[in-house]
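Per-chain residue numbering starts at 1, and chain names A, B and C are given in the order in which the chains are listed.
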Amino acid sequence: MFELVFQVLVYGVIIGAVYGLATMGLNLIWGVMRVVNFTHAEFLTLGAYTAYWAWVLIGLNPIASIPLSALLGFVIGIFIFYIIIYRLLFSPDIHSTLVATFALGVALAELMKVLWTADYRGVPWALGVIKFSWFSIPITYVFTFISCILIIIIVYFILYRTYFGKSIRAVIWDSGAAAICGVNVKATLALGFALGSALAFIGGSLIVIYLPTGINPYMGHLYLLRCFVIAVVGGLGNPWGALAGGLVLGLLEQVSPIVLGYIPGVEPLSLTPFLSFLILIIVLLIMPEGILGRRR
Amino acid sequence: MVLLKVENIVKRFGGITALKDVSLDIYENEILGLIGPNGSGKTTLVNVVTGVYTPDSGRIIYRGRDITRTPPHLRCRMGIARTYQVTRPFNNLTVLENVMVSILNGRRCGKISVEEAKELAENIIETIGLSKFKESPSKSLNAQGRKRLEIARALGAEPELMLLDECLAGLTPSEISEMLNTIRRIKSERKITILMIEHLMHAVMNISDRIAVLHEGVKIAEGKPEDIAGNIKVAEVYFGDRELALKFVKR
Amino acid sequence: MEDVGDAVKKYSGLILIYLLLILLSLISTAYLEIVYYVLFLMVISQSLNIIMGFGGLYNFGHAVFIGIGAYVFALLVVQGLNPYISMIAGGIVSSAVAFLIGIVVLRLRGPFFAICTLSTVPAVKYLIIGGKIAGGAAGITLFRYLGEAYNPYMLTYILLISSVAITILTLKVSASPLGYSLKALREDHDVAETSGVDTTRCKIIAFIISALFPGVAGGVLAFKIFWVMPETVIDLTWSIEAILIVLLGGSGTTIGPIIGAVVYEVLKDLLMRYFPGLQLLIFGLLVVAIISVAPEGIVGLLKNRFKRLRSFLI
């Protein structure tokens, strides 16, 4: 029993960390420019494909392909920001960016289908399993977790030790005041979006490690619900909120199937996402700012 | 008689206390001017009275009824209407439609047809001087037009109490005297009580029956314009020059 | 009071389109299929227009209403109830569910509402599969109960009647106090409140109305495909298509979704013929273009360019 609990906790934290990292971009973009980036799902998918093609064409494992994903994500993010997002930020309809990013996401998913077909692909990167007395865990998961921590540290460094990071935090807090202080708000927004996009790409690459065969153009949609739950529960404006939310969801996904298994006549694996949806609604209603968000 | 009673209102936003135990009486048929430096809590008070904000403590009493927990739309139907400092027209609706919204949802909510509301709206728009623009989208109005639309829309609800939030800001001197005359006319023709937040000293001293002064969330003075002008505390906080203030009182 | 001439002029655009559709449907079964799809899209988009176009609330979960209608239809038909009554029941239950969802979800503003409603689509699917409700993932098959009753003309005409009904309803709402209130709360929620609009009540009413005919359409869908399961009747694609059509035609206008549905279906067919597999890609980019340069849709563009058409474009 104790082994089971420990295994569940460990898996929950490790997988949750990746979920959190994958969602950080969403929280960041909302915090910086109040845009819900519905293209997030496709950014994840593109990150996954980057890992795939890096594996197939260059032989890079998903963790080694992180810098590549980050770079691609960053460049594509800048591109999308300047071409589409920026002009819509000032539109009188608050839904413009939402619909535009959603539509863009649909278009990107179809583009991927055209380019790479809807076939399921995988990155079968396995290095064996470490066995402890209480539990066992694939070595790849351990490396993934370590990479997550490293990336989070890097993001922390960027946000708190560089000028760029300071300007992002300033714009999150009050863009008008930031502008008066000499911050180039437009450039900051662009870089913020690009950083968010890069993080999503990285997240996608890492998620591949948990899905040996599941890469396809529509995989982003599977993570859509998860990412929103994580983003909202953790606090939309706060990148660290995504980590908190990620851990919550990671643990929930490990614990819930076991608990639900005791209820006769249900399918625990399908009911768990429904539970996460209930949590989403409850959080949206009670504290829309999430666990770590700004209190009004 | 007292139309609206603001009783010991406290309103906090996080670490800031915007209103610290504010009490105020508004008498029927008067024009009460509400003045004070920026950030003193004037608009917050209006938001509490109209129900946009719920106070942390204290009560709002309208015609003897405690309306502290009443939602904003019901307060409007009871007879409390307001204008907004930064004009907020229903952008994609025409001027006529803007006014019709408050007519259909104001005092006569549920008891007036769309055609009747349209006629009434046209009358109000005529009174306010916007007839030329009645079919134009409200987002195309200039500053003066928008200020007038705010008042027209407030009138649509057929209020007993109108809260005007800096309705003169951004107007030229001739527009200001036009607006003041319009306000006087509305008040006498329709028997409306008015609370007017204003920064323009000569305007508010001129038109108000009484004045209340807010400073950093505290009411520091209340009384006739002459008395306010002669009040040392107010002078210290706001005018800087007592002699100048006395000159503006024309009674 | 308008005189008859004005009224005819105003509605002639609508009447024309409906007449065309009826004529087309009689030409051949192939055209009947197309008219069926156009009408299906029209019904769900016109319904969405009430909450999205008038109320300004982007309900990404609109597809759920179709699913509810389909499931109610299936469950009733299996019990032996007349299919046409079952369709109506599907619509009514869908509205009832809209009420229950609405009192919870309509408190949310803008993007939060969109996120939440978007999430309801997979959530309902997971609930049905996970809770093994109404057959779970396998669903309910209807061949046994409906085999002989299938009549494609009947189904298409039910959709036609639904479309006409929702159009008339839209016209009535648009000219009613509810319509003015909805448009006001769409423009500025807080100012609407202080102008006396009971925003909660208006939003809930609009939401309930928007769920009625998609519920009926769900029943029609179930009748057409004979097998109701989560994958086939709860499909985010319809939410997306409905939103696209409302935006394409002209959000908040009565004739907008009608024009939008026709244009969309025509485009979809053309694309399928010449650029198969690329439809969604092009439509995705199209929506981005619409939002950026023509947010008022086709009706908006026509109104600006051809001032004489204004009286027809209601």
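Here, a contact is a pair of C-beta atoms (placed from the backbone, for glycine too) under 8 Å apart; a residue touches a chain by one contact, two chains touch by 3 or more.
Note that the coordinates shown come from a computational prediction; the quantities given were computed from them, not determined experimentally.
**Student:** What's the chain with its C-alpha centre farthest out from subunit A?
**Tutor:** Here the answer is chain B, farthest from subunit A.
**Student:** Please indicate the chain closest to the centre of the assembly, with centres calculated from CA atoms only.
**Tutor:** C
**Student:** Report the inter-chain centroid distance for subunit A and subunit B in whole angstrom, where each centroid is the mean of the CA atoms.
**Tutor:** 48
**Student:** Can you check how far apart subunit A and subunit C are, centre to centre, with Cα atoms defining each centre and the answer in Å?
**Tutor:** Centre-to-centre distance between subunit A and subunit C: 32 Å.
**Student:** Between subunit B and subunit C, what distance separates the C-alpha centroids? Give it in angstrom.
**Tutor:** Roughly 43 Å, centre to centre.
**Student:** Which subunit B residues touch at least two other chains?
**Tutor:** 91
**Student:** Going by the contact rule set out above, which residues of subunit C touch subunit A in the complex?
**Tutor:** That would be residues 56, 58, 104-105, 107-108, 110-112, 114-116, 118-120, 122-123, 126-127, 129-132, 136-137, 236, 240, 243-244, 247, 277-288, 291-292, 295 of subunit C.
**Student:** Quick one: which bits of subunit B touch subunit C in the complex? Just the residue numbers, please.
**Tutor:** 50-52, 71-73, 75-77, 81-82, 84, 88-93, 97, 100-102, 104-106, 109-110, 114, 117, 153, 156-157
**Student:** Can you list the subunit A residues touching subunit C in their complex?
**Tutor:** Per the touch definition, subunit A meets subunit C at residues 34, 36, 84, 87-88, 91, 93-96, 98-100, 102-111, 113-114, 221, 224-225, 228-229, 232, 265-274, 277, 280-281, 284-285, 288.
**Student:** Can you name the residues of subunit C that touch subunit B in the complex?
**Tutor:** On the subunit C side, the touching residues are 175-177, 180-181, 183-184, 187-188, 190-199.
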